[in-house]
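Both of the next two complexes hold chain A, though its partner changes from chain B to chain C.
The block that comes next holds the complex of A and B.
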């Protein structure tokens, strides 16, 4: 193996492993990926994993247990560049949708009964950047093949990845869709990071926000707009929180009047 | 300019002949709206439309296209978006939109991707009837006397066809017996009546003459902040505007020795990244500043350079912006009126 290849590790914390699977699913590019980079660790793909120093760590999943947290801190220490991949890592994922800490504790008790775990301590789910510095974010639930490859190739070339920083609406317009929101349908495109090529509105389905919060997601304006269009307040909040992770916490608390 | 008459029953036979020359693109239905699409079945063509979802700029500079592929040895230009096209059904305001793009892309700094596509595109204009969102009369773009090869005015059982270029004339010559050179007095009367009626049909008016001064005088008015708070930064207004022309450039690399690609993507000054420079400094961090820039360009800056606004009155921003930030509401706000738009109501209703 050539010495100057970038050392890369791919890790999964709490998530569905969909992002790692997506990488594995880049079948026709896998050989090229393994040729271009020194893949030190990738649990889903190989068994001889080495946990040493890394140039780039790609981390999927949210931090939902003490063990996740320790692993993340360790990965961060060993890596020059850390990339959060997938909604759970970038925003916290669906599992971060319980926003109020008390609500989370109640739910934990309700679901698990006994909450003293034997092997690790559960934590309220949070995205990676709640604990460590994240250099780049690759959104998606799961991530998109094209976006993954362009991120990886740019990192390999020593450039920062260039991902869209605008919401789904831009790509939706590129595909010349008639706006669902303007037709009175609850579409979360304006709040959601682009990158999926607006696949849902292009099939006449509203965006539910699975790419996670757009950089400038204007919750207040979209909430007001949907209220004016006659949607139920709890319904709007539920829809908005599904894929917003912790990003929507302040807004939701403000709307619900919950003291934090 | 030569004007000839074409009976309705000869319209499809004419399209049949000319569409053997080049791809024919025309307005067709998409849901209950319209888009420009490639047509082979002429019955799909919608003759009585208002604005299409996207303006015809999408055919000259596609929303996202590859400009060239590259590797270590060099680069190779990709002009796959360029093909011989005949665009039928372009309304006067959209032809004015193309003329605006011509000014920006074909003069001082020529843009090869635009120029090559434009040179291979014939414009066959079509008359239209305004709805409540059209205000092309206010921008003086509801009539057109340049920028087309042929222009069809639909007078129910026949068209009057203006011949705007020698290439347009060539099209007529492909089937000259379909056209009548002499118009009767009643044909002419019919056209004049139609023209007068149409002129009266514009219901939305905007005082563009006042806009450059108002932009100056109201530059610091509080309504900009209010609009900025309501703006979703979704970029839709720019995507649909026939005169918005900004683009971003993005390099895509590839693995396994495959060439990289340099993409060109429609951009908008209402988006956060637009005014960000190296080092992370952003000159227009606030949405209010970005909206002010958008409207400065449309209502003031272009006027001082070219003597007319860069808005052509198509109404697309009126029907597209989800939160009603558009030329109509902004011009009302500039005139000191309360436009009763979404963003004016917003502050009072944001209570947790």
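The block that comes next holds the complex of A and C.
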């Protein structure tokens, strides 16, 4: 008996649309995906979109307006499996850096001169799991093509995705790069989730942390090591805050009180 | 109330929509809405180092990621007195050409062409136009390949840094790109033929102002230290605010721009209109063959202009690489100073992009970024309005939705930079009353009467203003009474002009609509040209409204007609409450 095709929807909340673009960039594979799965909704690629029951919803972007929130709640209601794709969805992204609501509102006023809008209410940017249950996380700014394809293939076969839980530092060793920390350059590789194949260190550039904090990284030991190497707390937190989104609060809490 | 609305625009990058409101024969409102939430990027960079700024700002937009990085690099290097070696400049141009090919091929073949050929998406189009879809994809992949080679990744690569690159491309990598570019030329020529010979619809057509970077030395190109306007004005990029004049509208998180009180267009069509004469080789020949007066007024030709730029890019790549191969990889360049202020301008695929920074002791103190879609937003709204109004007058209301969709997509808006569903709204008879009340909620409304005394119904605006004044309303003026002294009394209040306007409706019909729509409507605007001579500031005019009454006659020497009298009484009654 022929199995029904899996119904998939790809959605963009507030962000740079980089993850949807990366999916479009899968070109040849994309044509296979359109054959293997029933793509019900993918705004960037097609105009005949249907919003019904879904087996898998892939959602990128952070919740940054009331409208984003309503859309997310609706997607969650009609999807069996919800996957957060990209850093904005998994951790909030760059725009979630203002953690304090007053600081956020103050900055909103500085950019727009006022905070009220007629079309939708702005909200402090947050990752998807601040509002709904997220089944799987595909991190990255943007997501990686191979990791996306392997995740989707596993989901199509009815299995949960298998992602790296270790930091970029491990991938960097696999590529046999010289360690930038040994050259006195502050690299966030030991603290950042893997999956990019250590692209920046492979270009002689420090990891900037764009996949968000790694689940299994040893924050306190690395922080202590960086302090010993002469980097200060302000610099480490400033660099980590660029891409950690709301996860920076956890990082800051775990290094609190750690001494040289 | 009847609304045509597209709440989710498909096949654009990001989330946006447009709504048009129709009252009888008049389009009373069009809103290009960008649903992207506020991301506050300019504020996110404050206190960061210039290197960290370069990690952050490309994330504004995935498809223009390298243009953002390029503009930021140009601004920061100028601010910090970093002198880029010539090879670095050439390789940056190469990476930017890669982005141009990638973005334009994606847009032309996968996002826009399905519209013109009548398919919902490129996959469906591929069944009949397999060759076009395949070549489009291959060109896009090649653009991606260039971007990846130079920047390190398909999207948000970090390799281009202040003064140079983390890793320079190898000779083999550059030779490969050069040879592939030559192989693509015949397909680029086919793309030009296909896109320049499409039967673009004639609605909407209206003149506009085109704005783009002015490359040095008489060349075509995608960056410059000056900005050139189609009216001949040249503006130093450091003084970009003279061009952009940003303002905010309440229905979008995307800021708007106007030059000299008028919307303008940026992007491929602007560059071809302003600089097409400078194209050489095959691109130059194609320009001479296809360019005509319609390119100056029809935004749909942006797709043809993109095809010309794809061809230009494929011809330019081998030249850039040959030059670069003659030079050794330069050593890293240090900062000349740690404090400074500068603006960087480049052409993103969809138009001119400005990054302005103030760096103090090695930290970003102030950032201002003006994106192309923000600059186009006002003209997108204007062309949607013209399309909707023209089709409505021709009795082709059913076409409005798809046409607005087509117009927006032609601009290739990058909605994450700032944004599917077009909705047409039919206003109920009392709509003007509700909207007038809404206006008054922003403060006591000021009224200015317009018209001519001796021309029957054309005196209605003046007469209405006098009647209002007689009844004790304070903030009422006649146009001729407005002077430098009395204008400030109108102050910052919501401003409403009263006038008889020919909407092509039944005599006595009342319509309230944003003044800028009236100025955009070519059949009405000549009557309101006098407005720009009034001593009111442009921001106030921008937000002003027109309360118009359809006249029965504007013949010389006649009285005001009974229908218009009745409408005037209705207005007086409404304002009395």
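One rule holds for everything that comes next: the second predicted complex is superposed on the first by the 236 of 260 C-alpha atoms of A that agree within 3 Å, B and C clash if a C-alpha of one lies under 4 Å from a C-alpha of the other, contacts with A are read in each partner's own complex, and residues count from 1 in each chain.
Everything that follows uses one rule, which is that contacts are C-beta pairs under 8 Å (C-beta built on N, C-alpha and C of every residue); 3 or more make two chains touch, one makes a residue touch a chain.
Keep in mind that this is a model prediction, so the values were computed, not measured.
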Worksheet item: Aligned on chain A, chain B and chain C: do they clash or fit?
Response: fit
Worksheet item: In the superposed arrangement, does A:81 touch chain B (first), chain C (second), both or neither?
Response: neither
Worksheet item: Touch check for A:16: first (chain B), second (chain C), both, or neither?
Response: second
Worksheet item: Touching A:154, do we find chain B (first), chain C (second), both, or neither?
Response: first
Discussion item. Once chain A of both complexes is superposed, is A:185 in touch with chain B (first), chain C (second), both, or neither?
Written reply: neither
Practice prompt. Would you check which partner chain A:203 touches, where first means chain B only, second means chain C only, and both and neither mean what they say?
Written response: second
Fill in: Residue contacts with chain A in the superposition, chain B compared against chain C
C
Worksheet item: Between the C-alpha centres of chain B and chain C, what angle is opened at the C-alpha centre of chain A, expressed to the nearest 10°?
Response: 130
Item to complete: State whether A:107 touches chain B only (first), chain C only (second), both chains, or neither.
Response: second
Discussion item. So in the superposed three-chain picture, is A:176 touching just chain B, just chain C, both, or none of them (first/second/both/neither)?
Written reply: first
Worksheet item: Once you lay one complex on the other using chain A, what is the shortest C-alpha distance from chain B to chain C, in Å?
Response: 14
Worksheet item: Which residues of chain A are in contact with chain B in one complex and with chain C in the other?
Response: 31
Worksheet item: Quick one: in the complex, what on chain A touches chain B?
Response: 29, 31-33, 35-36, 149-150, 152-154, 156-157, 162, 165-167, 169-170, 173-179, 181-182, 189-191, 214-216, 218, 220-222, 224-225, 227-228, 254-257
Worksheet item: Considering the complex alone, what residue numbers of chain A touch chain C?
Response: 12-22, 24-25, 27-28, 31, 34, 43-49, 62-65, 67-68, 93-95, 97-98, 104, 107-108, 110-114, 116-120, 122-123, 125, 141-142, 145, 196, 199-200, 202-205, 208, 210, 238-239, 242-243
Response to the item:
In their shared complex, chain A is touched by residues of chain C numbered 8-15, 31, 33, 35-44, 47-48, 52, 55-56, 59-63, 65, 106, 110, 114, 120-124, 126, 137, 140-141, 144, 152-159, 161, 165-167, 248, 250-253, 415-416, 420
Item to complete: Going by the contact rule at the top, pick out the chain B residues touching chain A in the complex.
Response: 30-33, 35, 53-54, 58, 63-64, 229-236, 239-240, 250-256, 265-266, 268, 271-273, 287, 319-320, 322-323, 342-343, 345-346, 349-350, 352
